[in-house]
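What follows is a group of structures, each given as structure tokens.
One chain, chain A, appears in both complexes that follow, with chain B as partner in the first and chain C in the second.
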Partner chain A sequence: MIHPIPSGTRDVLPDEMRELRAIIAAAHDVFGRAGYGEVATPALEYESTLARGGVASALPAYRLFDEAGDVLVLRSDMTVPIARLVATRFDGVEPPLRLSYVANAYRVVRAQRGQPREFLQAGIELIGAPAPSGSAEALTVMCDVLDAVGLERYRVGLGDVDLYVSLLDGCGVQGEARQRLMHQLADRDFVGLAREVEALGLDDEAAELLVHVPQMRGGPEILERLGGAASAAAEGLRGLYALLPPRVAERVIFDLGLLGGLDYYTGAIFEVYDPALGVPIGQGGRYDDLLGRFGSPQPAVGFALTIERLHIALTGEERA
Partner chain B sequence: MIHPIPSGTRDVLPDEMRELRAIIAAAHDVFGRAGYGEVATPALEYESTLARGGVASALPAYRLFDEAGDVLVLRSDMTVPIARLVATRFDGVEPPLRLSYVANAYRVVRAQRGQPREFLQAGIELIGAPAPSGSAEALTVMCDVLDAVGLERYRVGLGDVDLYVSLLDGCGVQGEARQRLMHQLADRDFVGLAREVEALGLDDEAAELLVHVPQMRGGPEILERLGGAASAAAEGLRGLYALLPPRVAERVIFDLGLLGGLDYYTGAIFEVYDPALGVPIGQGGRYDDLLGRFGSPQPAVGFALTIERLHIALTGEERA
Partner chain C sequence: MSALGLTIAVPRGALMEGSLDLLDSLGIDTSEVRANDRKLLFRDVGIVTMRPSDVPTYVEAGAADIGITGKDVLMEQSERDVYELHDLGFGRCVIVLASVAGEDRAAEALRRLGVMRVATKYPKISLRHFEATGRQAEIVEVKGSVELAPLTGLVETIVDLTATGTTLRENGLVVREEIAVVTARLIANPVAHKLKAAAIDELLERVRAA
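For the complex of A and B:
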């Protein structure tokens, strides 16, 4: 007899669970050897915590009421809860702070999109470590996990969330027009982006910049082509790249249209892809302003790998 | 800066997390060696699934609405979701089926009671294994976990959920009066129970039975004092006790007032106590009717240990 479960959730049977446990064990092992202590936070947070973290709109969360009538939400990621935890429990501790987690997160899904409603993430937060060295460490730990589980063909897309904003500033695009362009770019709809840019009636050079820079992908040489408003971001990415060990650097593809999709990102952001899967296996980036929102201002960077997606990519590679 | 989290939830910092992970690893190890394959189910279930499992009233769950307007709940235990899983995914598989889990469950709390809203459980479900041998196996695996983590002074309270019902039947107590007595017993309020029994105006022997039998605790010799309506339950407990290996049998204290508190329990039920903690570390029992509610009738037994409580008991023993 079939008893349905909510769309976007699933049951995991023992054969698959054994493989997921092996991935989780490898992540724990890498995190531990890199000095990251594991933490756990409640799945249920006050809505006000997620709102303070600025993820309420990007990551719609399930709302429910507690016995006192307060609004609780199911956490939509671990970065905001850990920022709350750090501000509350580690205030004044000598940085950097290295924390890791393996935990489920929850997001409201739209019907028929095949989106996961519940997903298991393994990740780290490196608190109090500025760019570029902190970012280089986070990228290295992430690649060490992927290497440890045996994923072979993955690539890390690396961009800077400030890059496009700088270009928009440089071209004098503000207000609603700016939001329309950011929205198209967030959807990676470059046709829509070109249409929106054309409608602005900018000069040819500016229009060219706003349409083509975010489509640039490639090795570190593409950074050389950036100047003007994009110089600072390009300089940041060059500095980060120079710090990466060769085994990490060889995985990197600069992706100058990357936005990350999370309100708290600042500076360098990255996504992991594998040819065996059409969606990112994980993502990360700097969030230098988030701890400040919780009253403990300090730079930070982190990443989260989605265990189920990593497992699918691994299985796909083995089949290929 | 202090950012509150919902009462009954907590953050776990690295030092404690390391100790919890050691307990979880020991449980995984014991489960695996005993042939129990780990499964995972969604934290979010349809409300109709929990209602079918009969836990809706005993274990009040958080309700929320999905995008289609269906009512979802946060699972209040793992036994009902695994019954759903077995009926859906393992129908027709040759019994017994040995499944294990390490997962969070969620319960609505009453204010100011210090009850956990979210708690991590490690447990097994042994499906298709009748009493008494299945119950003996479940008790043995449970004690193996407790022994593996190094808990020394624990005791297992063992009773039969049918015992008091048989006594009530034998004394002709039905309807509302029966429910009042069961309610007092569930709260282990023996003063209230005596008052309710007295109000019934039964003959002295029946009144004595209904008040004193559920207060009987001790070794297997107390079973000898049971007769009449209680004979079948006493016989079942004797049969189970005879199958226990000495290391398990020596932990057992018969507790003839044990009810378990969950609607799906049938027959033998048990709870784990430690002198270092005032609340049960875990509980379990037979649920021979639950799979049938999901269309796959077969006997079953299981237990769940609450990891945080086990950790507190361990720490308490070490301090003592």
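For the complex of A and C:
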């Protein structure tokens, strides 16, 4: 007798659970040794909390009504709930605050693609630690987790959401034109970006900068190739890179067009890639304004690894 | 010799010739692909062939590192997470709104019924176009010859891709609006775009020089 479950959800049987447990145990172990205390938050939050975090459109959440008619959501990530928790429960505590979690998150998916609606994330939030040292610590902990679970060929894409914004500032692109350019970049459409830049009628040097810099990826040598305004805009990335231990630095691929897709990111952002998987395994970055939206302004940085994707990459590497 | 270690998704159909010509000019030997109409995977040269609308699927999932497909496909599948790297220029077509020659029945339907019926293979592009122009349309998705739909009274108008307009004319249809001009585009998987950055940039440079 077959009793179906909703598409995008799944049961986990002992063979898979054993392997997932091993990954989670390795993550817990790294988090613990790095001084990150584990927290749990409710799967249900008020919709207003997610809206305050600014993730309502980027990370669409399942909504339901409670008995009082308030709109509840299933959390679509852990960063916003932890920002709420920190503002509420750790107000006035001496920073930095080191918190970790392993928890399910839920997202509305496109119909009929079978994408997961529920997935397991393991990550940290480092609250009250400014750039670049806080970012370097988060990146290091993340690589330690990936090393501990035995992933070998992973790389970390590293960018800075402020970089392109400061180029736009330097070229005097403001208002609606700026939004059009940012939209093309977020859409990963470099043909559209070139067209929009051309339509602005900037001088050749500015146009070249706005079209080519966000397409630059590679090792630290690409930062050396930057001149003038772009070089100044990459100062944050240089400072961060200098603080990374060699085992982390050798994993880094700079990506000067990386935006991260989340409204709350400020400064350095990163994604984890593995040749065995066509999508990122995890992502993270600075969110220096998010705590302020909850009334506890302080810099912060964090990352989340998606355990199921990490598991697929591990399996893929074994096969390769 | 595969292209710099990249797997390339090549579209079958109208864009295939231009795609293979481009790959030839980059120094990738496509003679086996040209000689083989049924075979789909050419591992030696890193080429996989498929229908154009499947190219974003393979590239998004990373089964191909880069691919060539029409902008119409990318517009219709705008949710696909792929990089659009370059306008290859060939395969120029126009997405048009067309209806039976003579009095525009779509305009009449809109005036008297408040909504017009539209047959198309591009439901998302159509919906976006009608939303952007403030008109209500009922979309009828068809898989085969779209030109048939207004001739049989299924719909008042169609949204379709046309290169020369010959098929439209032969079926007594006229273009009422041009929605977008589309060409072939080079796209890349977001992870390959980072992990194989040097190879992709090298290929892009050769494409721009070609």
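Heads up, the rule we're going with is that the second predicted complex is superposed on the first by the 305 of 320 C-alpha atoms of A that agree within 3 Å, B and C clash if a C-alpha of one lies under 4 Å from a C-alpha of the other, contacts with A are read in each partner's own complex, and residues count from 1 in each chain.
We adopt the following convention: a contact is a pair of C-beta atoms (placed from the backbone, for glycine too) under 8 Å apart; a residue touches a chain by one contact, two chains touch by 3 or more.
None of these values were measured; they are calculated from a predicted model.
Under the clash rule set out above, the superposition-derived model of chain A with chain B and chain C shows the two partners fitting side by side. Here chain B and chain C are compared by how many residues of chain A each touches, and B touches more. Touch criterion met: A:G192 reaches chain C, while chain B stays clear of it.
When both complexes are overlaid on chain A, the residue A:D11 reaches chain B alone and has no touch with chain C. In the superposition on chain A, contact is made by A:R110 with both chain B and chain C.
With the two structures brought together on chain A, the opening angle seen from the C-alpha centre of chain A toward chain B and chain C is 100°, to the nearest 10. In the superposition on chain A, A:G278 makes contact with chain C only, not with chain B. Legend: residue contacts after superposition of the two complexes on their common chain; A:V39 is shown touching chain B, with no touch to chain C.
In the superposition on chain A, contact of A:L72 is made with chain B only, not with chain C.
For the pair chain B and chain C, the model built by superposing on chain A gives 15 Å as the shortest CA-CA distance.
Contacts of chain A with chain B, set against its contacts with chain C after fitting on chain A, overlap at residues 110. Listed in rising order, the residues of chain C touching chain A in the complex are 60-63, 79, 81-87, 185, 189-195, 197-198, 201. Note for the complex: chain B touches chain A at residues 1-7, 9-15, 17-18, 20-21, 28, 37-46, 49, 52, 62-64, 66-68, 70, 72, 74, 84-85, 87-89, 91, 99, 104, 106, 108-111, 117-118, 294-296.
Chain A makes touch with chain C in their complex at residues 110, 155, 157, 188-192, 217-218, 253, 255, 271, 273-275, 277-280.
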